[in-house]
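Look for subunit A in each of the two complexes below; its partner is subunit B in the first and subunit C in the second.
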Partner chain A sequence: MAKDLVTPPPTAQRPSAGGPAPGRRQPGVGIGAKAVGILNGGFLLLWGLITTLPLLWAIISSFKTNGEFRTDPMGFPSGLEWDNFARAWSAANIGQYFLNSVIVVSMSLTMTMLFGAMGAYVLARYDFPGNRIIYFGFVGGLVLPVFLALVPMFFIVRNLGDLPFVGQFLGLNSYFSLALVYTAFSMPFTVFFLTAFFRTLPTAVAEAGIVDGCSHFSLFFRVMLPMAKPGLISLALFNFLGHWNQYVLPLVIMQDSDKRVLAQGLGVLAAQTGFRADWTALFAGLVIALLPVLIVYILFQKRIQAGLTAGVLK
Partner chain B sequence: MATVTYDKATRVYPGQDTPAVDSLDLAIEDGEFLVLVGPSGCGKSTSLRMLAGLEEVDAGSIRIGERDVTHMPPKDRDIAMVFQNYALYPHMTVAANMGFALKISGTPKAEIQRRVLEAAKLLDLVEYLDRKPKALSGGQRQRVAMGRAIVREPQVFLMDEPLSNLDAKLRVSTRTQIASLQRRLGITTVYVTHDQIEAMTMGDRVCVLKDGLLQQVDTPLNLYDTPANVFVAGFIGSPAMNIATFDIIEGGRAKLGEADVSVPRSVLTKVSDEGSDLVTIGFRPESLVPVSSEDVGGIPVTVDVVEELGSDAFVYGHPAGPKAAEQTDRMRSDTVIARVEPRMAPAKGEKIVLKVREGESHFFSVKTGERIPQ
Partner chain C sequence: MTLSTPAGRAPAKRARPHRPQTRRASDPMRRGKYLFIVTFLLPPVAVYAIYMLSPYLQAIYISMTDWSGLTATQNFIGFDNYVRMWNDDQIRTALRNNLILLVFVPVLTLALGLFFASMLNVGGRRRNAAVAGVRGSSIYRVVYFFPQVLSIAIVGVLFKYVFAPESAGGIINTFLSKIGLESLTRLWLGEPRYLIWVVVLVMTWSFVGFYVVLFSAAMQSVPRDIYEAALLDGASRFTTFRKVTLPLVWDTVQVGWVYMAIQAMDGFAIVHIMLGVNGGVEGAGDVLGVAIYREAFASSRFGYAAAIGVLMLFLTMTIVVIFMRVLRRERVELG
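Coming up: the complex of A and B.
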C-alpha cells in the first residue's frame, strides 16, 4: 500500500576532510555503509512493488469489461466501465454489506476507545490492590490467538441471545453482539498501549485538576482524556483498520445473508462469481471495500505509524 | 483570608522508616508570606502538599483558619496552588485555564469572564487570553499559573518553587512581582523554595527545614543575625558563613591552628558547663576585616581566588600556616570567605590576616549544634 513506497535511505556520508588518510578507510563507514544503503533501498523498493502492484491491478481491472479482462488480464481498459460498480453495489449486495460494516464498526470503535481509555487510565494512575493482576490479565489477552477463542465465543454469543430483556439485542446475527466481540478482541492492545500513554502524562497537571476541584470523573473527562488525544487518535485509527478488515469473527457470528459485513460479502462474491466469472464486479466490490481504508491510510499515515511504533517501543 | 496552623503534622511515606515531615509545628498569620526553605529532600514540598491535600497527614493535624482540613479533599480546602512546572492544561486556552476551577464549581459564565479578565489585567496577560499554553514563553506560562490561582480568590496560596524554571534575570524580576502582588492581595501565602535568596527577599518570615525537622522560623534578618543552630547558620547567607570548630585555650580565646579568635566570658562558661573544651564558631564573610599581622589574634589566610563584583569583592582562601591541614579537617568547607573593600582586594596567592569584628562571631555548641547566646 501507499505507506510501503518508502524513499531510499540517505546515501552514506563521505569521509570528512580531516578523516583518515586516503586509501585507508575505517570499518563500518564509507563503501560498506553505502552497500547496506543500496541493499536496504533495493529491498524496500521490491517489497513496495510486491504490495502495490496487485492493488493497482485490482483497481485497473475494476474498470474493465469482463471481455477485456478475459482476453488481456494485464492490459489497460479501453474505457471506464462504471457499470461494474453499480452491479457490485446493488446486485451483489455490497451496498448492504458496506452499511453493515459501518454500523458495526462505529459501535465497536466507540466502545473500544471509551472503555479502553477508562480502563487504561485507572490502571495507569490509580494504585489499588490487584492493579497489576488486571493489567497483566489484559496484556495476556495479546497472546491469545483469535482461532483458539472462536468456538467458545460462538457459544457465548449464542447464549447471550437467551438472556431476558437484553437477549433480543444480542445473540447471533446481531450488530451489537459483533461490536461487543470486536471490542473484546481489541481491548488488550488498546489497554496496553493507552496505559503506557497515560503514564507519560504529567502528574502535576492531574494534581492541578484535583486542587481546582475536579472529581475523579471530571478529572478524567475534562483534563486527562483531552491531554491523551494524540494517543487516542492513533489508536482509534489503528482499531478502525482492524475492525473494518475483520473477517473471521463476523464469519462465525453473522450468518444471515443480509447481516454480513463487507469482508464476508467479498468472500461470498468471490465464491459465487468463481465459476460464473463476473470478475470485474468482484474487483469493483473490492475497491469499494478498500476505499475507506485507503483514505484513512493516506490521510493519517503519520499518525498510524506513530501509534504502531509507540505501542511497540513502550 | 485565614491563618494556617500545622499542629504536629507528620508524613511518613509508605515503606520508609523516617518521616518526610516530622511533627511540624507552625503557625502562619493571616495575610503572611511564609517561605519554606531547605536543601532538597528536607520535606518542604511535602509540607506544602500536605496543606494542599495532595499528601496524606499520618499524624497531627492541619487547620486553615478554624477549620480542621487534615482529612479534607483538596477541593474543599479553599486553596490555590502554583506548581513548579506550572501544570497548565495544554488543551485549554489561557482564559480557560484560569477559569477552569470556577467552571468546575459552577460559577456563572459572566462572573468567570469578569474575574479572568481582572486577573489577566493584573498580570499583563490580556492579549494572550486566546492562546494555548504551548504558544507562550516560560515567563508568560508562569504568570498564567499565577493567574489561575488569583482568579479563585482563595484563602491560601500555595507555591511550589514557581520560579525555578525561569532564567536568572526573569527570576529576579518575577520574584519582586510575586512579592508585591501578594502584599496587594493580602492573601496568606506559603511558598516553597530551595533558593535561600528567594527566601530572604520574599518572605515575611522564613521557615528553615532539614530532614523533615523544623530548624527555625523567623524574619529573614533575624535568621541571618541570630541563626538558631549550625545548619541554619550555614544555610542562610550567600556567600556562606565560615564555620569551624575551635579549641578553647587560656585567656578567653579559641584557637584552630594559627587562627585565633576571642570568645566572650558568657560563652566560655556555657561551654565549660557542657564539659567541653571545643566550640563551633561561625563568622559571616562581611564580619572579617584584614589587619596587619602584628596584631594579636586573627586568621592567617592564603588567597586562592578573588571575586570582584564591583560593589563587593570576595576573597576565597585557605588557612595558611604550618597546621593548615589540621584546620581544614575541622572546617565546614575547605575555604575561608571574606568580603573586602572592592578597590583594595588582595592579589591571588598573597597571605593576609583576617580578624573577626568584635561581637560578630556566632557560637554554637559542639555537642548539640545549638546556638550559644552571648
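Coming up: the complex of A and C.
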C-alpha cells in the first residue's frame, strides 16, 4: 500500500542534509542504502518465487507425459497432455472425490452457518441462566486438539449407524455424518466469532421490530440475519476453506474408498502413485483440487485475507 | 435428532438488551421467549455435545482401558497405558519431533513473517515518501497468502515430489545437479535425520504468508507520522523496525505466537502424506498426531491411542498457558 506522503525522505546515512528538492533524484540515498533496498527487494522476490514455483511446477507437470516427467522434471512439455486430466478424473476417481467434497461441504457449511448463527444470536442477545456456561462450553473447544477426539468420535459415529431407520444417515461412510462432524468441530470458532458480531448490532432496530409485532423467530430471520450479512460472509468463507481442506476427520469417518473426499483421495492417490507409475495423473488431480480454491481465492482475495486474519485477532 | 441433549439450558427469564418499552408488546414476546431460546440452542448444542464434547470426555476413560475396538468389553487397566507410553521409544521420537516443530516452525515463521511484512509496508524509501511499501507489495501479498488457502493435503503431496529423488522427478535434487551442486543432493525423504526438518520447512512454507498479511494489517494501523519522526531523527531502517514497528505490532505478534504454537502441534497431514503412516524411514519423522492415528486405526490399540491423545491435550494446554504467561509479562515491560 504505497501511500505517498509529502515529506521528503531523509536517509539513514545523511539525516535531513539541507532540504532536498522534491522531484529530483534523492541525493541522500547513498550506495549503502540502495544496496540494502535492492537486497530487500531480492528477498521479497525470492520468497515470491519459493511460494509460486512449486505450484507452477505442479501445473506444468500436469501437462507432461510420464516419460517427459521422469527424464526432464524441470523442462517444459512438448505438447499438452490433456489425457492426464481424463485419467485423474475417472481412472484415479478424482471426479468422484470432487463430487463427494461438494456434497459434504454444501451440507456442512449450511448447517454450520445456520446452527452457529442461531446459537450465537441467542447467546449474544438473550439473558437466561446458563448462558455463560454454554458460551464457554463452546469457546473452550477452541484449544482442544482434534486428535484426542478421533478415537471416541469414530465409535460414536459407528454406533449411531446401528440405530433403526436413521442409522444409514448417521453411521460411518455417510455424507451426512461427516457433515455433522464438520459442523460440530466448527462450532467453537463460529459461535465465538458470531456472538461478538451479534453484540455489535444496534438494539434499536430489534426494538422497533418487536414494537411492530415481530415474533422472536421472524425478528431473527428477517431483521437480524440480514443485518449480520458481512460477518456471516467472512465466516462462511473461513468455514468453506476449513471444510473443503479437511483431511484427518474424513480419514476416520470415510473408510469406504468410494466416499473419500478430495483432500483425502489425493493423499491416497499420492501413496499409490509409486506403484502405478502414473505421476502426471497425480499432478493433474492436484491441479483439479487446486483450481476451485484458487478461483475462490482470486475472486474473494481481500475478503478472505481479512476474514482469516480477523479470526486470529478476535 | 432423536438424541437426548445434555442439561444446561435452563428455561429463560428475561430479555436483556432489547426489552421493549411498551407493556402491551412485551407480554406475548415473553411467553414466546422460552420456546425460542430452547429451539435455537437445541441444534447447535446437540451437534456440538454429541460429536465434539462427548468424545473428549470419553477419551479420558478409554485411555485407561485395554480396548482393541474389536471386542465389546473393555478392561479398566488404570494408568498402564501411560506407563507403557513412558517406555515407548517411538512415542519419544514423536514427542521430540513435536517439540522441534513447536520451537522451529513458530520462530522461523514469525521471523520471516515480520521481516516480509515490514518490507512490504515500510520497507520502501522512495522519492517524496517517508515510508512506503516496496513496489508491487500488493501483488506480493496476494501471492504470499495463497498457500494458506490450499489444503494441507495438497501441500503434502506437492512437497513429497519436490523432495523426491531425481529418478522420481524430485525437483530440488534435479535443480541442484543442474547448477553443479550434485554433492548437495540428498535422499531428503530417505534419511532419518532429515525427515523432521523437511516437515519444518514445509510447514513454514505454508504458514509464512498468513503471518505476512496478519502483521501487514497491524503495521498499516501504525500512524505514518511516527515513522516520519523516526526518519527525521535519522533512525536507520533496522532501528526503526526495532524501536517503532516491533513494539507497535507486538500485541499481534503475541497472538500469532500462541496460534502458531497450536498449529505446530499438529503436522498430521504433512507427515501422513509425505512420510506415510509409520512416520517415514525408521519412524524418524513421526509426530504424536500420526502416532494416535496409527495406534488406533492401523494397530487397533484404541486405549493406547487415547492415552497418547491425553498426552497431547496436556501438552497443548501447558504450552498455551506458558505462552500466555510469558508473553503477558513481556507486554508489561514494553508498557
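Everything that follows uses one rule, which is that the second predicted complex is superposed on the first by the 264 of 314 C-alpha atoms of A that agree within 3 Å, B and C clash if a C-alpha of one lies under 4 Å from a C-alpha of the other, contacts with A are read in each partner's own complex, and residues count from 1 in each chain.
The rule we apply is simple: a contact is a pair of C-beta atoms (placed from the backbone, for glycine too) under 8 Å apart; a residue touches a chain by one contact, two chains touch by 3 or more.
Bear in mind the structure is a predicted one, so any value in this text is a computation, not a measurement.
In the superposition on chain A, A:A281 makes contact with neither subunit B nor subunit C. Touch criterion not met for A:L194: it reaches neither subunit B nor subunit C.
By the touch criterion defined above, A:V211 reaches both subunit B and subunit C.
Within the superposed three-chain model, A:Y297 lies in touch with subunit C and out of touch with subunit B [touch as defined at top].
Comparing subunit B with subunit C, the partner in contact with more residues of subunit A is C.
After overlaying the two complexes on the shared chain, residue contacts for A:L232 are found with neither subunit B nor subunit C. In the superposed model, A:N40 lies in contact with subunit C only, and not with subunit B.
Look at A:V223: by the touch rule set out above, it reaches subunit B but stays clear of subunit C. In the overlay built on the shared chain, the residue A:F147 is in contact with subunit C alone; subunit B does not reach it.
In the superposition on the C-alpha atoms of chain A, the part of subunit A touched by subunit B in one complex and by subunit C in the other spans residues 207, 210-211, 213.
Those residues of subunit B lying in contact with subunit A across their complex are 52-54, 73-75, 79-81, 83-85, 87-91, 100-101, 104-105, 148, 152. Here subunit A touches subunit B in the complex through residues 202, 204-205, 207-214, 218, 222-223, 226-227, 229, going by the rule given at the top. Contact residues of subunit A toward subunit C in the complex are 1-12, 15-16, 22-23, 25-26, 29, 33, 36-37, 40-41, 43-44, 47-48, 50-52, 54-55, 57-58, 61, 69-70, 73-74, 111, 114-116, 118-119, 121-123, 125-130, 133-134, 137-138, 141, 143-145, 147-157, 163, 166, 180-181, 183-185, 187-188, 191, 203, 206-207, 210-211, 213, 215-217, 220, 241, 244-245, 247-248, 251-252, 262-264, 266-267, 269-271, 274, 279, 282-283, 286, 289-290, 293-294, 296-297, 301, 304-306, 308-309, 312-313.
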